[in-house]
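What follows is a group of structures, each given as structure tokens.
Note that subunit A is present in both complexes that follow, paired respectively with subunit B and with subunit C.
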Partner chain A sequence: MSMDRRQFIKIAGMSALFGLGGKGAFEFLRPGALEASEHGHGVEYVPEEPAEVAKRWGMTIDVQKCGEPGVVEKCIKACHSTHNIPDFGDSKNQVKWLWQDDYEHTFAGNENSYMDDRVKELPFLCLCNHCDEPPCVRVCPTKATFRRPDGVVAMDYHRCIGCRFCMAGCPYGSRSFNWFDPRNALNQKEYNLDFPTRMKGVVEKCNFCVERLAQDKLPACVEAAPEALAFGDLADPDSSVRQILRKRSSMRRKLELGTKPSVFYLV
Partner chain B sequence: MIEKALKGEPRYFMWLVFLMGIIGVGVGCWFYQLYKGLGITGMGRDISWGVYIAQFTYLVGVAASAVMIVIPLYLHDYKKYGKVVVFGEFLAIAAVTMCMLFIVVDVGQPQRMLNVLLHPTPNSILFYDMIVLCGYLIINIIVGYNCLLADARKLPHPGWVKPFIYLSIPWAVSIHTVTAFLYAGLPGRHLWLTAVMAPRFLASAFASGPALLVLVLLIISRVSKFDPGRDALQTIAKTICYAMIINLFLVGMEIFTAFYSNIPGHMHPLQYLFVGLHGHGKIVAWMWTAAPFAFIGVLLLLIPSARRHHGILAFACASIFLACWIDKGVALVIGGFIPNPFHRIIEYSATFPEIAITLAIWGIGALILTVLHKVAITVREEEAAT
Partner chain C sequence: MYDAWKILVGLAIFLGLFTFAFWMNAGKAAPVPEPKIDTPEIKKMAVKQCVEDKEYMRTTHMQLVNVWRDQALRDGNREFINQKGEKYVISLQNTCLKCHSNKKEFCDACHNYTAIAPYCWDCHIVPPEEPKEEPREESKGNES
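On to the complex of A and B.
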């Protein structure tokens, strides 16, 4: 746990306060409505133990391990089935959260003609870099995309107006717009009822599995391939990612732009 | 006063009906776009802004250019602009309206657009853009309408309008500066990441907007009894000429910086636009259409004897209008997205519904301009008759 007691009490206290206030307000405005909806759907609120809170979540990707057969595929599959990612079947309208590319394109601008051929052909997993200084957050006119205190760059799909300024601002091509209705392009067999689908006309991207972090679970891709991916608090010197970064040399994409990515490639 | 737009010759009404036809087709296509999604356009994950945002950018410039008539008249007391200034202001109203409509058709969830005001975000340039555009529209409506109303009643212009006129001058500069900042502040888009973006936007705006105004005034002088005045047209022509020279100079700066520094990221978009990159060159023909028109336009406006001939003046203004439109309304936005962040080249071409919607918005602009100018012409004709 990277949280001290004081922090824990603060968060727990605030949550309790808001929880009570929320329910109280609901009771006052629409008496019985909350109970009705709860019983109607058979859902009961169970207070949860607060999950681990980081100062800045980060990820390491071992590119050599990704080169082993099946690793990249299972990461992508885990992500796509967790987040109901639509498949429109063409590159123009494609929605991408986690995908693979080669070194030359992932690290465009840092091409090295004399590089080891083996590295050249290794698959590089691409996702949102959850930058410390995210240009997409800076340009968004509605705060529909925002940086959480734990470093995750998140999206509010209900507030997004679909102006796509964030897509122009992101130097990593990590943002996708729903050019058509994504609900018509879902894989019906692997539909995850626990994660919302999106509507046409809004932007989406990798969310570092915030919904899983809230339940103290690792991101789906990390869980699928723990041998290649690691996830932890970059601010904590003892975290798994920091230990790995101490031992291995790493690269990040387009550092010269000052975005400070949280995704590290181990080579 | 606005009732003056209801009386006119048959050709006036035929023109309006023609415009409404174009608008009708586009509105139909827009409903289709709302229903299906923006995927029916040529835009995609790599070229995520296309012809809509490009038209928006170009028309902000046209709107801002009214200031080129306002400054000489109100700051330097150049009285020959007294009769034409309202035509410039009405052109600004039509252009700003078109800008707003291009944003509406471009966003994925237009019904949520007020979120920009509900959740004001001072770090987003788009937030400022919305404010300055709305403000500029209101200022021009106040100034244009009240000055013309006073003219119609043969009264001096009301004194309280003066502050709005002075305010409109920096405001006009602001709308296009803010629009340039939409692009110039984005990391990783090399064509846009340039400090001369705002100056270049202003220069090309002060060339293309007045060029459109001269064309409109030349048409008006043919179809009505209103004479904008030879001197007024000649002075506007000089403004266009100098602004266009500055614009071309700044384009030259961009090309020098990119190619002398030899930095690939800076050269690639310009190479794509002018000569093609890795076998992709959909914009090349556009650029080599724009370039000769730009230089011919400047040359014709530089030569006094050519400029004084109304036919040649019209051709020169049309050339500059077209050259600037290709530069800003086609190349600038698309060039910024090429190559993409992965250094791949994905090209863009507009689809039929996209073009129909674009034409419809130009049609709405033309409709607003026609109606407003009709009112202004009638007032000027009545003035001349008495």
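On to the complex of A and C.
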């Protein structure tokens, strides 16, 4: 088949018209049908307007109280049993929501040359700092991790593709990758049936117990050790955490990075 | 046409093999599933009523669940108001599965029939079913 220039331009022109005008043609022939199939599938849901006064959840950790025997352990146990966190038994595959570390590593860069033995030995509870400027959220390519208006940096495991950019982005090591199916390292009889597990290939971290906050409960670790941990609204000057912070001097981890953490260590 | 019978025989064999799956399974259609709703929780209900009416749930539950997940997780809005204005807590594990505690006979019945495998259960925990069915399929990969 031969084609002259005139024919070619005609065909190319018509193709371009239909190609580019695809959506327009749809709208012309079946108004609204395309939109409907793209959004919601007929299930109506309009997100609510964000509350006018955004809360800002924050936590204080009393380091001295954490040094008392059993306090750190019971916090970690409460967290892990609430959120079905697997224990693979080695640090390489460890899944960390709430864990303990020493001063030197928690406040890397701030250590004195001649530290007193007491602080040197103290256990520090570490968790996701739920930063105001979370680097993990900035690097996530799928928006699987996002910052809620109340300051909680949350994870949407449905969207996580396991690229681990967020793990590279987080300066606190608060994120862990599921190299294996977490259910292999969980006791089925000890599942907390109110909370899901995760699956192989997603990154997970502390969620500030958003599922408990939704029910007006405190986070599991705070509930387990109210003497050492406090939780509240940093935006409210009269909240429990703000009152504590007014009286006690506190530290935050790696402030120099500008992430603005919301976990305060009371010294 | 040269070698007509060879071609015809070849064609017949080809068509036979090509349609093997159809005539092999002819007349053996899998029975249409009947998802069971005879769980203790549903038996207790005076009016057997899901979050929306039956026909809506049958055709649209997948979209509804999809919307629920974004609404609860991303917007932090865990309250669902159905077309009648009744309120429900959005939760697959705690709302759906509380009544439909028989995943095998309810969810799986249709999902297997239509050969789809939703990945809900990779993370969401199926509550233990009646004690009679103690060895659940999930336990196969569970060493500890």
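Quick note on the criterion: the second predicted complex is superposed on the first by the 211 of 267 C-alpha atoms of A that agree within 3 Å, B and C clash if a C-alpha of one lies under 4 Å from a C-alpha of the other, contacts with A are read in each partner's own complex, and residues count from 1 in each chain.
By our rule, a residue touches a chain if its C-beta (ideal position, glycine included) is under 8 Å from a C-beta of that chain, and two chains touch if they have at least 3 such contacts.
Note that the structure is a prediction, hence the values are computed from the model and not measured.
S.K.: Who does A:179 touch here: subunit B (first), subunit C (second), both, or neither?
M.R.: first
S.K.: Using the touch criterion from the header, give the chain among subunit B and subunit C with more contacted residues in subunit A.
M.R.: Of subunit B and subunit C, the partner in contact with more residues of subunit A is B.
S.K.: Classify the contacts of A:226 with the two partner chains as first (subunit B alone), second (subunit C alone), both, or neither.
M.R.: After superposition on chain A, A:226 lies in contact with neither partner.
S.K.: Considering only touches as defined above, state whether A:148 meets subunit B (first), subunit C (second), both or neither.
M.R.: second
S.K.: After lining up the shared chain so the two structures overlap, which partner does A:165 touch, if you call subunit B first and subunit C second: first, second, both or neither?
M.R.: first
S.K.: Let me test your reading of the model: by the given contact rule, A:194 touches which partner, first (subunit B), second (subunit C), both or neither?
M.R.: Only subunit C; A:194 stays clear of subunit B.
S.K.: Which residues would you name on subunit A as touching subunit B in one complex and subunit C in the other?
M.R.: Of subunit A, residues 181, 199 contact subunit B in one complex and subunit C in the other.
S.K.: Would you tell me which residues of subunit A are touching subunit B in their complex?
M.R.: 88, 91-96, 101, 104-106, 108-109, 135, 138-144, 159-165, 167-173, 176-181, 199-203, 254, 257-259
S.K.: So in the complex, which bits of subunit A are touching subunit C?
M.R.: Interface residues on subunit A, with respect to subunit C: 40-43, 45, 47-48, 84, 146, 148-150, 154, 156-158, 181, 183-188, 191, 193-199, 210, 214.
S.K.: If you look only at subunit B, which of its residues touch subunit A in the complex?
M.R.: Answer in residue numbers: 36-39, 43-46, 48-49, 103, 106-110, 112-113, 115-116, 118-119, 121, 123-127, 130, 182-183, 185-189, 264-265, 336-337, 339-344, 346.
S.K.: Any idea which subunit C residues touch subunit A in the complex?
M.R.: 60, 63-64, 66-67, 69-71, 73-78, 93-94, 119, 122-125, 127, 138-139, 141-144
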